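Take a look at the structures below.
Next, two complexes with subunit A in common: one pairs it with subunit B, the other with subunit C.
Right after this comes the complex of A and B.
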């Protein structure tokens, strides 16, 4: 049983991949397939006043043009179904899907999408989380999330913060912010959908969540989950970016409507527009320490820009709050973490899932505190790190193994070498 | 339609194609060689790398007609499970394969390098692989795999 640990294990699918045999959805084709494209919003906030698809529908070779009116239940989303399959009226971000075309060739599908006439009423857009949080800011999702753009708030409180400031000899207060990041997984989204001999939908796709996808597709089409089969092919990277459903939902609808196999592939540009991003976070940190270099107080406010839809934002901002102290013991603290809607691209899961952004804030605070206290960056960390028996900000007793001290001691000689070089 | 004659993985091919067709489309769609991948469509990521007359090219930014009379090697023309190319074996053994989407291009870039320079320095490996992006591995294992393959090729 322990033969795996400490030994080299060859990936099960590695051989197929080095010969180019691994199949990603774009590698599959079916006889008689049509090609699907999505027309996406160029506006970050707008109302659709009218949409005329007649010319597109009449173009020879066009099998179907789908709009919101063709979607039986027009919503999807991993935590909240706050995202339209195809926008009916309210556009909330650049890249919102407005309609789908299925045609005999990709070129025809694109040409048809270009013939659709849409009249927009641009609306004032919110790009800044602080603005979006203000009372009276226009709410992006009154139907699903109520009259505030703040749809998640987690306070974490431990000890007595007033006491913490009293015993702090040094206080460092700074603002930090991180940027939006795209996963840029190497394989752009692609899917092949068809209806099988029994009338069931078969979706071949690269997804992180085949079971979720099944539910979303069945929900949108108003059919039983048992009538949807989602088959996961090789996945060309995802890093969180394939947790939310994507083209597979639209391809499923086109296949269901036309009874033709439907192939869809995003270009890199379409991929950027269509999937979620990493949350930019604004972080205000106030950290107090004693002259001996012990952390005693932390007040932190973390605001995550969720963009236009919730996706995994509550879970991600929860994780940011839980990790806000970093791997350091702080007896007195208050952390407030928020997820806020704006008209920016929507944000969701990405490597680290909210734990990555606060690192910038808490580690910078440690370095600044070290400077103020005349300690080395290593020393201030050794005086505060989690060890076996530590209790985290959320009250978790670390009863098992905590390898941080051992790790830092191993790294220490190399850090000293670097210091000597400088 | 125009006529295109080229050699792909040692086989002579004659095709009628549209003048605007890209080499990647001819390989993937007309010849069914789907081991060549499209990642960016603009010659940045290297997933579509193939070898043309001994040089790596991005097949997404080369018109198929530019390959007229040329010799093309795609991943399907390199090694097999019974007799893998040293680069392929090294990629598997060094754990240089994760999602696999960049792998065909990486293998071809490494093969083209070792064909010309069987004993490359780490800098030469870095330069030869610089046109191929990987989002999973962080590159270390890929560079180690190329070094390992080089050792096997030179028998050192």
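Right after this comes the complex of A and C.
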């Protein structure tokens, strides 16, 4: 019926990317631009006792040294504005931005940042989620998130778990854990910000959501969104790492303050510290099935390390809980999912968004159960997968477009049977 | 000794913001005087190809070639807000907004065409192969370029539209998690064949067979691209990548020590698509972005167990962990 939909149309940006005309933010320059750098915290948890920026400001060629005092509204964040643009006092992680320098050259900017004298009072830090969850553990965000480091908990409850264990013939119980990872996009953060002929701030950047960035920049500077333009250029990968706002907010402030174009570009090391990470999760799974290979019970506890700031953590741990069963019908279950603050680098969006980590747990459980029951991995899945009309752990009816069985049938020929093993 | 095994991974993924949060995308459309068209959305193409998808949708509706469609995206001075490029939502969400906006402009063209060709209803007017005219009567048709030009010059008529689309979900109950938090769901299965070296503990992924239900493939090349990228990222997550911390400090903030897959680590990939159409999606499309990497993780871990009989329960499955598990197994432990 159609010709264009479902075809192999060549990407509209293919030409520019193959022949090199594609422009990434680091490719941009404007006459008279200055270079911005951020000084980041070497401490995972500390209080700033004093900060002396006089030597940095007096260095010839330095256009501006910005501290928390220069930020009209010093907070940002996708769900909660719990993250400072520049830390005023309370440092919560290594890499927290403390101040920004704009200077005539990158070298000068770095030199000036090195002249800033900061006195810290190191504070006891929490790096382990179980420790951070204990009653009495010192709360990381008492102002915004209250007196517990557990700032999100979702239980998903269905059926009668006791009954589930009663009818289960086989029960498998294991602990699983996933690691912290970085998006490792090939293009580190870069931005060019300037004030244009209209007096508006123009920010050219790689971002996943320019309208969100515009709102955060306007908020931090205390100006209207109609005075801010965020324009995206070619993007060298994102995977969730360009969701929370990053350098573009600091470059915008430097440009607004100095009325000079401001160029900022992260090194790889700086990049590792200036965007979120994927949540490490620890997952305890107890799964029960009948002799016939039908799943009947699941009890799971999922704990995600949010690091120092909330970012998307509540949504991510919610997503983990909702997807914890895998694509299988389980009549009796309880899943508890928690997001916990620690003094580790903050974690947030990354491809899979909380539905990636439980895959390790639920799919390992399926294979272990299959082994115990003498079924093939394919067979146990066919006996439990979602089909049209299935009901999920949250009681949602899957009313259509459930092509899972066909997916399974398509990959089945690639699986080696027991008897094929050498 | 090198041993081979295959493993299976089966996953699901709720697309969109979810949980009742208004998931809105918007699009503007303008038909130019020469019969080409512009589509403006805030949706950023992060490399996955959404701009090309929007061009295809507009071309499909207007009977044009995709190269006749100008897609402008991600400029807050110019484009409407289309939400973030995340949550596997741009083909479905902004795709739907583009489709609605294009159909609005198209209806105005059809109305103009119905008057022009004395057709009783706009539905009788067809846009195909750059022409507009009465369905089934080639004698009553003309190039869209001429009609658009004539419409402006003789009648001052323009074909410009704006529309929004909002995905439908509900918030989960905070006491028991019950609700309809996502829609639609995408599904996928992958089989991995791996080779484990029992002397060094290294794992080579030889092949991934991937089957994904994405509702409808808008662009087959881009679907294969998403699957290839997802598999590569899944290989990295399962076997290589880890941000190592010491007291909250990153020990390996450089690619010399933070290992991501290279071309040598990416296996042969066989991608297969399953098109179980989603009624609410543009042409039945759901999405594929994030789901593409999920089954890879489990397929590899399960294949390692099939090959050498050890179950790795913490990612990444490094040679050290595999050797330790093999040694444990030899001593008669559980091998986990």
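Note that in this section the second predicted complex is superposed on the first by the 413 of 422 C-alpha atoms of A that agree within 3 Å, B and C clash if a C-alpha of one lies under 4 Å from a C-alpha of the other, contacts with A are read in each partner's own complex, and residues count from 1 in each chain.
By our rule, a residue touches a chain if its C-beta (ideal position, glycine included) is under 8 Å from a C-beta of that chain, and two chains touch if they have at least 3 such contacts.
Everything numeric here is computed off the predicted structure, so don't read it as measured data.
Novice: Which holds for A:346: it touches subunit B only (first), subunit C only (second), both, or neither?
Specialist: neither
Novice: For A:188, select first, second, both or neither according to whether it touches subunit B, subunit C, the two together, or no partner.
Specialist: first
Novice: Using the superposition on chain A described above, determine whether A:23 touches subunit B (first), subunit C (second), both, or neither.
Specialist: first
Novice: Per the contact definition in the header, classify A:272: touching subunit B only (first), subunit C only (second), both, or neither.
Specialist: A:272 contacts subunit C only, not subunit B.
Novice: Tell me which partner A:240 touches in the superposition: subunit B (first), subunit C (second), both or neither.
Specialist: Touch partner of A:240: subunit C, not subunit B.
Novice: Look at the residues of subunit A and decide whether subunit B or subunit C touches more of them.
Specialist: Comparing touch counts on subunit A for subunit B and subunit C gives C.
Novice: Please indicate which partner A:151 is in contact with in the superposed arrangement: first for subunit B, second for subunit C, both, or neither.
Specialist: Neither: A:151 stays clear of subunit B and subunit C.
Novice: Output check: A:13 vs subunit B and subunit C. Expected answer is one of first, second, both, neither. What do you get?
Specialist: both
Novice: Just to be sure I follow: which residues of subunit A are touched by subunit B in one complex and then by subunit C in the other one?
Specialist: Shared contact residues on subunit A: 8, 10-11, 13, 184, 235-239, 268.
Novice: For a test of understanding, state which residues of subunit A touch subunit B in their complex under the given definition.
Specialist: 8, 10-11, 13-24, 26-27, 183-188, 234-239, 267-268
Novice: Would you pull the subunit B residues touching subunit A in the complex into a rising list?
Specialist: Interface residues on the subunit B side: 28, 33-42, 45, 47, 74-76, 78-81, 84, 88, 91-93, 95, 97-104, 107, 133-136.
Novice: Would you mind writing out the residues of subunit A in touch with subunit C in their complex?
Specialist: It is residues 2-13, 42, 44-45, 93-95, 125, 127, 154-158, 174-182, 184, 207-212, 214, 225, 228-232, 235-240, 242-243, 268-269, 272-273, 277, 315, 318-319, 321-323, 326-327, 335, 342-345, 349, 351-353, 355-356, 359-360, 363-364, 366-368, 377-378, 381, 385-386, 393-398, 400-404, 406-408, 410-412, 414-416, 421-422 of subunit A that touch subunit C.
Novice: Would you mind writing out the residues of subunit C in touch with subunit A in their complex?
Specialist: Residue list for subunit C touching subunit A: 3-14, 17-19, 42, 44-47, 49, 51-52, 55-57, 59-60, 65-67, 71, 73-77, 81-87, 172, 174-182, 184-185, 187-191, 193, 207, 209-213, 215-222, 230, 233, 236-237, 241-243, 245, 247-250, 253-255, 258, 260, 270, 272, 274-279, 281, 283-284, 286, 289-290, 293-295, 297-298, 301-302, 305-306, 311, 313-316, 336.
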